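First chain written, first letter: the chains are A, B, C, D and E, and each begins at residue 1.
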């Protein structure tokens, strides 16, 4: 049975129909990759699931019950943890403060030592290269911030984790660790939604691939039954696209490597 | 440009006509002193009601803002008033209002403060400069009697208030030749008692026991000065006031404040109602004297000290013992025979 | 030309064309909460109806003429405030600067007997210099503008008292051109109507040329019908206003002057590179800097503008009162000017607001003040009611803005 | 335990240990412009020296005692302002609310003859309710807090006039406990010294336990020498202050009360979940919301705190003046309270500031005011000088902050 | 001769030495990829070159002359255009306004029509999926914003273009277009500095690869003489790293694809 399933989700921003009639199912212990072109509506979908935007229409079913997710706090309570594409960190707070924001240890007399120790643990696990956890997030590099945002989502005890382009800014080592992490999450029986533009990563960890195109469903594929080319043509809506042209040209010129 | 009217036109304005159901504007300057809302306005309204039961009084308070007062005057003219009684925020700037009113044949009566630049139709007042002089002189006389030696502090009113300037001038005219040294003086921003208190506190550390008296330009700042001495834990020297607020009467009864000044507001307010009513009927009342080219009537205020507080404030009915002699002040009242 | 213009090719966009399209656009934006000034206008209409019900003189021509004239001085100051708020800064000293400017004007003109234009020029120049100093302090030392202008508020109040000296108050001669301009000079009826026609014609011509250019470039454009409807509507509104005010004294030149300043600022803010950089600095100063904008120059220009407008406002206020005194510019000038800008939709955090906002905002504030003046209330009640009405006027606006954020617009 | 603690393993970090490390840390931070309150303190020392040179009474014990007492009322209000500024909002109505609170206190206590604690409780409760209403208006309608509290400013001024009614001004009895508390009650010398020792001991004990915990967890920690030096320094400073003020009247209870509030707020802001969420909301309200923080509750709590502190400040002011009148809370209470917060390093854009900032800021402001009081200047000069000194005091601070941004700290 | 060359560049933030003694050379018509782990100092280097931060030490030589770049405006004047990792767009301005910020057509009477036409051209070239250019940038998706930032740098007439992780948020089609673009820029004789964590992209377009590690130079390689594994070990500082371990595990398990 699905932990999370969406039916008929639509969302309009002003004159732009960002999502139209979306369906999606995520099982426990399953990694669903959501892919799509820029502006396809992936992040909008994520924001609807995590209570940032209310949907205009459609139903969300979580663990068999139909739910409303009016606020991010409601999503937290349900057990949905999210890493947003725009990270959503407080730049004026330091790494520890951001990691534990809203889930502080000993709320009436914060336990800084425990939080700092745990922070180092989490960051080490993601092989983050952060010199000090006591600097404001404003002073971190793009990848360091992304690591902090990912580490954040692991606190608490989520049932579904949504990762919106989690590896976009990460270095090669950190990317590898995040992919490891996703696999561990799957083994622990969590549902994982991962959004990515990197087909290699998608093929490496996902079980199912859901394609969005211009705000609509454009196919769901089991990952071992589909080729990268098929996914790309579902994304772009054509088999003849910039990617395939570039690949051909590359082959024509030197017989080269395209991911 | 069209027409001759400065300010606004509108409504059927002008002197004469049917005085019944007419409107008269009563424009007061500020809220720094409580008297305008608490005494002048009700007294004027009562008298007007008595003279002309169907007339309507338009009361406005300009909250120390000359342009707001201009707006209020224009609005009154737009409503078709038959006369304006105005206590100008700024005596000079009120000239514009006089012009507007007169160009629409609405008579205008200067109340409390004169309008020297453009003569109004009438001027009724006690004179602020005189007030300053009276309170200061009363203090100086008292100090001489006590054979005090030392200097005086002077707490003036707001530096941006023209009336305060007049009072200040009056105080100087009494203090400067008195032989007492003027230790320091201070223009209290917005007449704020807190500011007066802070300043006097500073002067207490500076001059210690040289201070034999404080001339404060109104009861609020006087109260601030007294609080400063109390808070410094030293003896309170004689402190003046002005306006005869209830709180000041209490302090006088208790011996904390030396004097205040009672303006015969009732008399002035009623006199102005009378004059306004005559104008509204189309008559031209004659002045007792002429000041600033304006037919005028001036009244003399009375200095109130512990000696005469009973007769000036209570026997005359300006204040009721029940309001003043509360709690800790009951004893003082008893001693003075106030009931 | 393609059937679908370049900017409408995305299939996720709802399509709409012509007058119908323009209308459905408005409805769309209303649903999305992006109503521009409409909510403020609605708020204004509510206030007007209530006051009119309470005292029928409120909407009389005479009172509205007063209202326009009384709006001008603080309105001009609010225009400057809009500029500083747009870059996310504040100027608390506009009141003092306007007071000082009035005092300098009076002293030079009356006290020293200089020609009036010299006195005006000196006051305005002084305003500009003050703004320039603010800009330097802000850019050099990075002192928050709140503190700089708070210091300015105090210092220039001191200067004002000093300049006026022992006099305390100086009358401007009633027969001087300046006072006439502020009190007695009204636009002749024929000229007012001409202005109205010119404005409507301009709106149409400008819109038409723009639309033609866009069509040529293959972009969507307003249909000619829409343009005609818009201009005719404008003409009707303006003609009615002119006619109604003309029932008594008409449209004052001082108000025309204010409106002209609003139009100029609107042009500068929306159609020039400088205006763009003001919005950019207010939106994200670091991004603006990285785009190669001279951020310091923008800050300085804005502070100079604001202080200059404050000085101009001070001159207008002095002319209107025919006097400069120690309390000119004191009291609630600061708060009213800032409130007018905020009510007109300018954000205190920078990057959002328009010149027209200042016009609307000051009219809201003056309406409240004028309406309450007519009601003849006790001071205590008047304060309470002023507060309540102010709040109501803004709630209308804010509710719509709120629905905008929930619809995902910034 | 490893040779290098967990948090110092990155090879890009400069290493430093013990007292030496603590010192080089300070130097490092000074170069980077991250000096905390040091620049404000430097500014304060400059101001003090100048005034002392101009009038030797300035630093006399008696004058400093006055200064402490006069700081308390507005200082408490500034503490509330720090909270609203931290979430990026503003409260313009603190002056009115403090005035109203003083008026309510006087009417209930003197007018109605209720026990003083009932009157105090009622005033404080009223403050809290006002804040709650602000919070609701802000959360429900999204009206900018500038406008809400501007409306509040007007409305509560009206209420204040209304409550004082026909009296206009009400004396509080000089022999009442409340007035004594504000004017004449001083901490006995032995108790003051005890406080000083407790504070120093607390600093040491707290620091020591924390350091031990950190070492146990394998993190770097302050060396015991550093801790001892710090506590001894604090003890020396406090003992000196107590001794010097004790030369005349000593440390007033009202000031102790203010400092206690500062300490409590410091604890709440820096050591509790609530405080963390305040900073988070001020830094990035959307991020805070997404972290599951109840943003509305945070806003409400902050508005409630601010109005409550304003009410408390109003009570203290009334007690200190031994009277409540129509102009209580008017004038520059608002500006002074906000300026104190800003001078103490609180950002108007939210997310940066401390409770101690309010303490330092109000001392700067009161020092300027007290120093000028002793100089006995003309009003006009006094305003100019106040502005200039204020600016100078802040320039010291801002220059260092500026160097911070150029070193890349937010 | 190099268009741009750096010698001994250092930069310290508080206690963190972000860059120490960096050297780098970029020739006209050359694409230099700068790679490194998260927090290695790549973006700091970019910011120094584009006048955002002043360096603490070291010299910058541009077209043979030693230059100072105190402000971004100075960098623009030299002909250095930059796409920042944090994009640096004004959220309150719309797409056209952002694209032309600081380089408006007809500054005294902005020519909106010309700017809009040109915007559509640029965006089409990058195959951006932006429904309307008249919405504020705040309403765009992550990838759409990145496209805008890239399009921005193409306006004007730069001599050196610096791209800090330009494809991080882009879809597959857009990424392909950006790589095509980089190749076009090279053909037009511009110097290009590209920062990327994607080794496939680096190998596809770069001529030289400069590796940064913990703020120091860690080798410069000609791209056809080096393997992806070598680059990765230069980045992570070890041949046995998370990436290689993951790759091995992947091969052990199923003999799979790792980029």
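Observations, loosely collected:
By our rule, a contact is a pair of C-beta atoms (placed from the backbone, for glycine too) under 8 Å apart; a residue touches a chain by one contact, two chains touch by 3 or more.
By chain, with names taken from UniProt: A, E = ATP-binding cassette domain-containing protein; C, D = Xylose transport system permease protein XylH.
None of these values were measured; they are calculated from a predicted model.
Any chain that touches chain B and also touches chain E is listed here: C, D.
Chain centres here are C-alpha means, and the one lying farthest from chain A is B.
Compared with chain E, the chain whose C-alpha mean position is the greatest distance off is B. Across A-D and A-C, the chain pair carrying more C-beta contacts is A-D. Between the Cα centres of chain D and chain E there is a gap of 46 Å. Centre-to-centre, using mean CA coordinates, chain B is 39 Å away from chain D.
Multi-chain contact residues of chain C, defined as those touching 2 or more other chains: 10, 12-13, 161, 379, 382, 408-409. For chain E, the set of residues that touch two or more other chains comprises 13-16, 129-132, 139, 214.
Residues of chain B in contact with two or more other chains: 31, 37, 159. Of all possible chain pairings, those that touch are A-C, A-D, A-E, B-C, B-D, C-D, C-E, D-E.
Across the complex, chain E is touched by residues 6-7, 10, 12-13, 210, 213-214, 217-219, 271-274, 276-277, 279-280, 282-284, 286-294, 351-352, 408-410 of chain C. Touching chain A in their complex are the following residues of chain C: 10-14, 25, 28-29, 32, 34, 406-409. Those residues of chain E whose C-beta lies close enough to touch chain D in the complex are 13-18, 53-54, 214-215. Those residues of chain C that touch chain B in the shared complex are 57, 60-63, 65-66, 70, 73, 161, 168-171, 174, 180, 183-186, 248-250, 317, 320-323, 325-328, 330-332, 369-370, 373-374, 376, 378-379, 382. Across the interface of their complex, chain C is touched by residues 50, 52, 71-73, 75-76, 82, 84, 87-93, 97, 101-104, 107-110, 112-114, 116-117, 120, 129-134, 136, 138-139, 152 of chain E.
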